[in-house]
Amino acid sequence: MLSEAAKGVFIISVTPFDERGSLDLDGTDRLIDFYAGCGVDGITILGMMGEAPKLAHEEAVAFARRVIARAGKLPVVVGVSAPGFAPMAALTRAVVDLGAAGVMIAPPGGLKGDAGIVGYFQNCVEAIGADVPFALQDFPLANGLHIPVDVIEAVVATCPSCVMLKHEDWPGLDKITAVRARERNGMRRISILVGNGGLFLPFELDRGADGAMTGYAFPEMLVEVCRLAGAGRRSEAHDLFDAHLPLVRYEQQPGAGLAVRKYVLKQRGIIASDMQRKPGARISRETAAEVDWLLDRLGESTATAPAQARRAAS
Amino acid sequence: MLSEAAKGVFIISVTPFDERGSLDLDGTDRLIDFYAGCGVDGITILGMMGEAPKLAHEEAVAFARRVIARAGKLPVVVGVSAPGFAPMAALTRAVVDLGAAGVMIAPPGGLKGDAGIVGYFQNCVEAIGADVPFALQDFPLANGLHIPVDVIEAVVATCPSCVMLKHEDWPGLDKITAVRARERNGMRRISILVGNGGLFLPFELDRGADGAMTGYAFPEMLVEVCRLAGAGRRSEAHDLFDAHLPLVRYEQQPGAGLAVRKYVLKQRGIIASDMQRKPGARISRETAAEVDWLLDRLGESTATAPAQARRAAS
Amino acid sequence: MLSEAAKGVFIISVTPFDERGSLDLDGTDRLIDFYAGCGVDGITILGMMGEAPKLAHEEAVAFARRVIARAGKLPVVVGVSAPGFAPMAALTRAVVDLGAAGVMIAPPGGLKGDAGIVGYFQNCVEAIGADVPFALQDFPLANGLHIPVDVIEAVVATCPSCVMLKHEDWPGLDKITAVRARERNGMRRISILVGNGGLFLPFELDRGADGAMTGYAFPEMLVEVCRLAGAGRRSEAHDLFDAHLPLVRYEQQPGAGLAVRKYVLKQRGIIASDMQRKPGARISRETAAEVDWLLDRLGESTATAPAQARRAAS
Amino acid sequence: MLSEAAKGVFIISVTPFDERGSLDLDGTDRLIDFYAGCGVDGITILGMMGEAPKLAHEEAVAFARRVIARAGKLPVVVGVSAPGFAPMAALTRAVVDLGAAGVMIAPPGGLKGDAGIVGYFQNCVEAIGADVPFALQDFPLANGLHIPVDVIEAVVATCPSCVMLKHEDWPGLDKITAVRARERNGMRRISILVGNGGLFLPFELDRGADGAMTGYAFPEMLVEVCRLAGAGRRSEAHDLFDAHLPLVRYEQQPGAGLAVRKYVLKQRGIIASDMQRKPGARISRETAAEVDWLLDRLGESTATAPAQARRAAS
């Protein structure tokens, strides 16, 4: 099960569709194999970048079943954020029965005050069961909700099943430092995995993050940056990351980013279609040309994934 | 099926739960009988005041089945607002198969620009099917989205299955006048039923609304105000409405209002429990005392529902 | 100076303009005389309903000068909310020099977490000076900011110059009860004056409010309701209030309400023009007819202000 | 005066304060000389990153006077965004009298519908005068307002004094392409200068932008990238830009970014203090170390500004 000791890269998986918008479950197997081959430590599905709200309940369960089965020993975390506790509980029960390692919950915008956020997570635990470990997703760019460090500490104190902070506040470096400082003053230590496209990954690792939970289309870079940082090879970690930064930045555009990510994964031969369900849309012709240009330049500048990158651009 | 000719009172039904928070389906029968006995012209379920997001898909379908079966010839409109099109389509298919007369859709906040809202409803039609009549719910107090009259006209023009405006903009009187003016200039005429607690109902009828789609705990007042206004007895309509206004105002408080409504329905003997699912909560002791006071005063001031009101306050 | 002992009605004054949109300073004298004649206990200017953001700094000071001079012994509270601390401090210094009794500050939307709101008010005190008493304006309908009771208590504890809560949360009755409960547990007692159009005034007084700070166009009603409630004549307070409620409700519409208020004040002969500066606008023809109707009915139902009300409707 | 032909780099100037938070007007001269020495084509002051809302009116005018006097022939654009039209008009009149080339206006959040945004800018023109050229600032990350291309076209059509789009939508590349496509179909051509930290500058120039209006602490890079792109040396433009991208990204963090920018400018010896007025704050110790690291790496990787960068890091 997911625990406070989680570290490394939990890749945020895309949800592959075919050209008609149906779930591509066979393609899902290939995608999971790819992620596993990149050396990730876990897989997170049905997050915001997994188009979770676009799936009906039965589809979500079917996708989770396929991923969990294919992932084998790799832990699978499932996003269960929902507008109400009953659907959240229903999805949680289903995926835990299938073998999910834990769930991830982003609170809705509009919660009232610090106490309102703490109370929300306590209600979540009541709904999903205190035995299901969960990651608190802190993503103000998506939901407009600021989660103070005070609130994180209170949730961790009152919800023993909160084992992870999915950190995507922005700016957020000092927040990681602040959480780790709280832990030195008695707060229970939790895992911190960073999202937000990984835009500050090497610095976030310096600040005390345990790894990344994001879905950049070159997971092997995320894995290697974590490895280098863990080995104390800071300059090399930055060098590798900075070689990818032009594309990381391009992929991290709100809304548009997922189309870029799916396009790159398709160009790399990993998914068959870059189809998104509405309201998502494929990238424009101009954007595709720019992404191809970035892939070309990435292939020239890095030895991480030259074959794939060159193939992508061909 | 729901059509542009819909008029009168489509009561927004509460969703009754028992004290443990389970759906009270037997109580649902009694509730629907009560609404029918008040003389309503239709019933709307699974709206925001129907705690729709708090129900899992299967629960929503079970509740809709029971209501539709009990309502008999009364048309039932079902709220199908959802964060994505797949769950919206799944619920729509299920309730249309059960005999729903139509559905109601509130767009999410955050749609971009006039074109973004129009496009959203076009996508809805694609998702639910062009043969399912729907009401466009315009409720900025709930979702922060302003829907200009230009947009309403464009949706009506491009979506033939849009047959109704559920109007709860606030302030909104001039908006009704503006929509009706558009219709005199060629826009297809649609039904306008007003929500927002009915706080301006007699004026809204003067402005051109066809009735109300709201859930005030004395539906018989809504029915009678519509009847009086339709008969040109304007002063009497206002007199009756104003006698209820102190309670209407009290019930229309955002968030807190549903607890008041359920409490009054319980006091009137119509539902067995005023339980709400979380994050809702019952009214405070002080609030209960104030509502009792308002019911007492209502019983003294009006001949509409004296028996029930006095019983409520006893 | 404004203190924790403030009570009664601090009327929110409109800002009168002539037909070209210039400040009507002579008309201001007549307006202030009218308010004083209604028996108010204080006057609040340059609030949101005083079109404060539409005035240049010099205009705001000129208006404050005129009001303070005319108000004589009546305390004048000045809204100094501003996007930054330097303009807030500049206006505060100017009006305190002119004799203002205190200032009112609404925080901006977007403050982060409970601590962010508390810190904001601490910064305000640093900017305006710890010797200037201020009212904390709690108005989420206007700025989207929820201010928890915890935050109010922390501001009161750390800012001795915070002497008043301008309460316009909605729903807000239980919040008044909660603040008063905190005071019984050691929080310094502050004055609570209610705004939000006074829509719940008699109940708010029951809950522990000390009076009203709102601008309903019949201030004499607000004064009399406070007097009756203070004398324990609860039913009479409600009777009088409920007679006005149809118009109170009409005037409390966000955005549109100020146009209604200015129209009524003009119809009553109190201000010469109901001009608003842009983006405000006069009421529509249909709205004017409805307000006239409400004034007619008010004149028939109440003895509070029959002469003015009848004149208004003539 | 500012015109549709504006191009190149209009640097967004910081507002230098001394350690007590007073305007550093002597330091302003040095800052403007630095910007001029970098080869910028214009200077923009009192934008969001110029801490405009934190200045009292008199301070804003004093700062504008100093900048305009020092800038000589370089055009100076002044941000005049304000919560109301009277203060906007007052500041505009003052700075135009001092010789400003034009003004920049960001609409407030909360405007209603496409027509509401168009009407807002028409009101602005009425307030500031049709003879004052202005830039429409499109910055949804700051104000939550999406401005559709339809609206931009309507503003340009109805407001001849709108000569520039300050583009900082995000994602925004396809928006530039869309505006330029409208121009090929009859829309009046306007200047497009990009902001948003310049995070996509080389691509934005490819898409049709005329330059940048942003405040990155190495203006010489922005100037050189524009020059290279203008000369068709695309790869070199990207190479130079990508060398700076790690720092550009770091500086573009909402809220925190200005502290980084002022810190770098201080490290480079250009401003004497990195003081911000509240609620701004200096960067943390950890952040300073990271910025120093980025400056070190920048000095090693680029020949653009090695001397300054090395000095900065020493």
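Side notes on the structure shown:
Each chain carries a letter (A, B, C and D) given by its place in the written order, and its residues are counted from 1.
To be clear about the criterion, contacts are C-beta pairs under 8 Å (C-beta built on N, C-alpha and C of every residue); 3 or more make two chains touch, one makes a residue touch a chain.
Please read all numbers here as calculations on a predicted model, not as lab measurements.
By the document's definition of touch, common neighbours of chain A and chain C comprise B, D. Of all residue numbers that take part in the contact between chain B and chain C, over half occur on both sides, making this a same-residue interface. Mean C-alpha positions place chain B and chain D at a centre distance of 48 Å. With centres taken as mean Cα positions, chain D sits 33 Å from chain A. Computed from the mean C-alpha positions, the centre of chain C lies at a distance of 39 Å from the centre of chain D. Along chain A, no residue makes contact with two or more other chains.
Residues of chain D touching chain C in their complex: 51, 53-59, 82-87, 89-90, 119-120, 123, 126, 277-279. Chain contact summary for the complex, chain B toward chain C: residues 170-171, 173-174, 177, 199-200, 203, 206-207, 238, 242, 245-246, 249-250, 253-257, 284, 286-287, 290, 297. For chain A in complex with chain C, the residues that touch the partner chain are 112-116, 146-148, 150-151.
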